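First chain written, first letter: the chains are A, B, C and D, and each begins at residue 1.
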Amino acid sequence: MVRLQISLELAYEVTAPGSDFIFAFHAAQTRHQRIVEERLNVSQPVHRTLTLDPASGNRVMRLQAMPGTLRLAYDATIDVAHHIALPEQIGEVPVAQLPAHVLPFLMPSRYCESDRLGRFAISEFGTLWQGYGRVQAIRDWVQRHVTFASNTTDGNTSAVDTLTERVGVCRDFAHLMIALCRALSIPARFTTGFDFGADPALGPPDFHAYVEVWLGGRWYLFDPSGTAIPMGLVRLATGRDAADVAFATIFGTVQSQAPVIRLGAETDPARHMEWPRHRPEALSTDAGGLDEVLRPA
Amino acid sequence: MVRLQISLELAYEVTAPGSDFIFAFHAAQTRHQRIVEERLNVSQPVHRTLTLDPASGNRVMRLQAMPGTLRLAYDATIDVAHHIALPEQIGEVPVAQLPAHVLPFLMPSRYCESDRLGRFAISEFGTLWQGYGRVQAIRDWVQRHVTFASNTTDGNTSAVDTLTERVGVCRDFAHLMIALCRALSIPARFTTGFDFGADPALGPPDFHAYVEVWLGGRWYLFDPSGTAIPMGLVRLATGRDAADVAFATIFGTVQSQAPVIRLGAETDPARHMEWPRHRPEALSTDAGGLDEVLRPA
Amino acid sequence: MVRLQISLELAYEVTAPGSDFIFAFHAAQTRHQRIVEERLNVSQPVHRTLTLDPASGNRVMRLQAMPGTLRLAYDATIDVAHHIALPEQIGEVPVAQLPAHVLPFLMPSRYCESDRLGRFAISEFGTLWQGYGRVQAIRDWVQRHVTFASNTTDGNTSAVDTLTERVGVCRDFAHLMIALCRALSIPARFTTGFDFGADPALGPPDFHAYVEVWLGGRWYLFDPSGTAIPMGLVRLATGRDAADVAFATIFGTVQSQAPVIRLGAETDPARHMEWPRHRPEALSTDAGGLDEVLRPA
Amino acid sequence: MVRLQISLELAYEVTAPGSDFIFAFHAAQTRHQRIVEERLNVSQPVHRTLTLDPASGNRVMRLQAMPGTLRLAYDATIDVAHHIALPEQIGEVPVAQLPAHVLPFLMPSRYCESDRLGRFAISEFGTLWQGYGRVQAIRDWVQRHVTFASNTTDGNTSAVDTLTERVGVCRDFAHLMIALCRALSIPARFTTGFDFGADPALGPPDFHAYVEVWLGGRWYLFDPSGTAIPMGLVRLATGRDAADVAFATIFGTVQSQAPVIRLGAETDPARHMEWPRHRPEALSTDAGGLDEVLRPA
């Protein structure tokens, strides 16, 4: 178990009245990720609703802002105790045996055109042994063949674009890995989170995007951009792809400032767990059922 | 209320063992669409599972076929008594007040790139009065600007393609209408069904695709391809777009025959309801809540 | 006739040896645009070749730079005396009567997918009277339906993208207008130039992109982004689209500075010609034949 | 030298008056491909023009048909004596030394988005020895990674699509190979022709599409779909991609029949030249200059 602290500040200049915001920056609460404490400050005295999406477990906050400055400050202390398993014991699940709530993650989505990648995925990964190792091979292929570079892609960039242009940021790596998994009938979803293990040389902490793949009856974590230590990932929201889980979706004329994020750990996730370089372990923040998402206390 | 009969036959030649099928051809069961009787025959003695998707209410059947011929015959008698409302009394719902289960239908999806159509949608429909009438105007625009022509599009064709090329089939009309609604922050989803009112001159009965839009607290029906009489639509499945609700998704090497569909009505849906030419009415098969999907008796 | 002065400075930091540059910033020399004087300074003592492309009349300079700073300064004095005609006397040319050298400009190109826009172009412009007026209507449509905004598009943006997203810069306006003309079997090409009439409030002078359309036996100027006074356009290069006529195409690892451009006129092109607000005139820098491109003195 | 016979029949039902046709089915005449005899019959007594495009050497015939049936029959006897060279002696040409008329074939075009493939091409082929062998490696990669299958692609399919979906016909193989060459700054163009060596088991003779690459001062032949014996290729037209050299481009409402093609050889091109399995040879129908295109006698 590691205890982690998140501190997040967002700021907007709202120019039109009635600008709607959908936020998805609250930490998820699952059997393996418990919110010890959390606090939210919103600078405007507006009504806000926080709902728990029944299908995903995402905690979605909505509000309608007034013109002027809107500031949000979110602080949380979170205990993460991943489910840990041995990769060689984790198998793929035949389509006929997948739970119904997993089926949508087999299908193509806005940024993951898995329907177009079948021949490529089968020729590249079709003969590998099925199981966790094959998914790891997909992860490794994406990391090896795509170059990480800021400001090379935008909100329109999809998995097919990344397979073509071979460059992008964590979101693009995730989309390509997801599309390749689905093309092989392996359910995969897009996850946003905070990354406690990122190299400080890469710049200040930022939102991170990674992948969860349904194997052996639960969702396992994979980080195709390779920048994160999975033990130090705090999950915010999951969806089919980035379209579902933007940390802020804004309807209206608004100027945004870059988010300010501070991360802290009482125990260094990398040291504590001796992960990932020395022990190959499969990690999951998920207990496999729809009922495993808990309402925060 | 109209009582309708469906008869559907599907046939496949399966060449590889272990070919998985996901079928979504069972009629939905809702407060406004009740299954009086249904019967399914499957030619192969294989295990099959029929699940009710918790998020969509779709009834999804899966099986793993053996090599050889696979035949399915589905017959159902269905009572449809749409919720009927007056268009002028149906408003759009502000984003902040949408139920959580509706939010996914605001987001772009594989075939509905609403994120790219914001400027166009606002310039074309942004100044219209909000409400059912504006959605009807979107429906009319799509019908007027797109030409219906078979074999002009394929499984890769998206809303942006249809806006560009201005030709397609019912699925393409639906995708474009959905993308335009979402670009205006109006939730919209893709629905498959049978169409009892189609002009016989257009060929034998086929699966139909249309649109449901969240207005005034429930999903209302719109048929942008304009070929159907909404009162005669029997709903099968709903999803973000065609990727979610194919009547058959096949994993394996399989040859398909064209489906054979027979439709019957004890009362002519068009005559009985005098719809749609004489009375403008808004129709819904939905009662607005997630709990309105019923398990078939 | 107006006498115009161009002054252009380009600067690059070349990091790898053997970086090739293809430049297309020399003013074209035609019967209607004569180079009175020009001067080029290149900071590196490298071999350079200046060729006159036989098909386009473009003056293309190539060189292979050494590591370090590469600076180019180009100054030219140019007399422009456009061919001027009355719009109502200029007709479209049937395909069968087009000169062979014009045919490539009927075909789709990298950024002008005219093959996909046939139905749209015909439904929007198909019933208009053929001739200069119809092309002017296409120009006006593009200007009215696309919003000019910097940094909204990139080197991958094509006419279909612009028709979808309705935003861009002069290059995007030009690509969309060209694609619509070709979709109606009207030859159109992409032209780069300097724009002496641009509103100084829009920022410092920059390279401009506009359109030439083959009508009545020669190429006529159209400026769909609407920022330029055609009488003040100095033509550099023409091609099928922006892929052909970048002012600099670079093969190698090079950092570029923004070009510095100064424009001067002995007589104000706008005042002198009282163009375009008061007299509708059709302008051409072209005399219609391949032989009208002159070698600079 | 081989002497080859072509017989081609085309048939159209023209429904609207004034339907324009651009045909590019005449055999090219070069120093290495001489037309011994040719004959054209056109069923309608309409005016037709045959022009020699100055840039490409393509022979383009235009006519405006009357309503009714239009039949064309073209017969030609052609002597082909390719320029033959040893692959290991053929190098790539630096950009700075390319003739001006070759530069357009470095640039991206409608179906060859080479601007998007730079990172991929460099990572896959960037470290290979430059020269004919590297281009052969590109050809082999395309043939190995793309599956030949009829009716899987259409007139909208581009190189990026083929790199994604890994399936297509000869035209798609050619587009992908061209795009990869250009991404490495190697000029490449699209060529249409007849293929005398195709396996009869693949169906009746058809138009073929292949690639010419500028190496060592002339255009060399490559056939990435691998179906043809290069010695038996008769060149019709060359262009940037398929958009330029359709054997028939039609403006109007016309129904087409499949072309009927008969090919004959006085000497079997495969046998005579013992090509290609036993001797690796580089072939060219081109003598390197713009002036090498000859007017047919």
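Going forward, a contact is a pair of C-beta atoms (placed from the backbone, for glycine too) under 8 Å apart; a residue touches a chain by one contact, two chains touch by 3 or more.
According to UniProt, the chain labels map to these proteins: A, B, C, D = Transglutaminase family protein.
Being a predicted model, the structure only gives us computed values, none of them experimental.
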Report task. Give me the chains shared as neighbours by chain B and chain C. Result -> none
Report summary line: Whole-Å distance, C-alpha centre of chain C to that of chain D, is 31
Report summary line: For the pair chain A and chain D, the C-alpha centroid-to-centroid distance in angstrom is 48
Query raised in the report: If you average the Cα atoms of chain A and of chain C to get two centres, how far apart are those centres in Å?
Result: 45
Query raised in the report: Can you list the residues of chain B that touch 2 or more other chains?
Result: 116
Requested in this report: Would you identify the shape of the chain contact graph, picking one of line, ring, star, complete or other?
Outcome: ring
Report task. Report the complete set of touching chain pairs. Result -> A-B, A-D, B-C, C-D
Report summary line: So, in the complex, the side of chain B touching chain A is made of residues 18, 20, 22, 47, 49, 51-55, 60, 62-64, 94-96, 100-101, 103-104, 107-110, 112-113, 115-116, 155-156, 185, 240, 243-244, 249, 251, 290
Requested in this report: State the interface residues of chain D toward chain A in the complex, per the touch definition above.
Outcome: 116-117, 119-120, 123, 145, 147, 160, 163-167
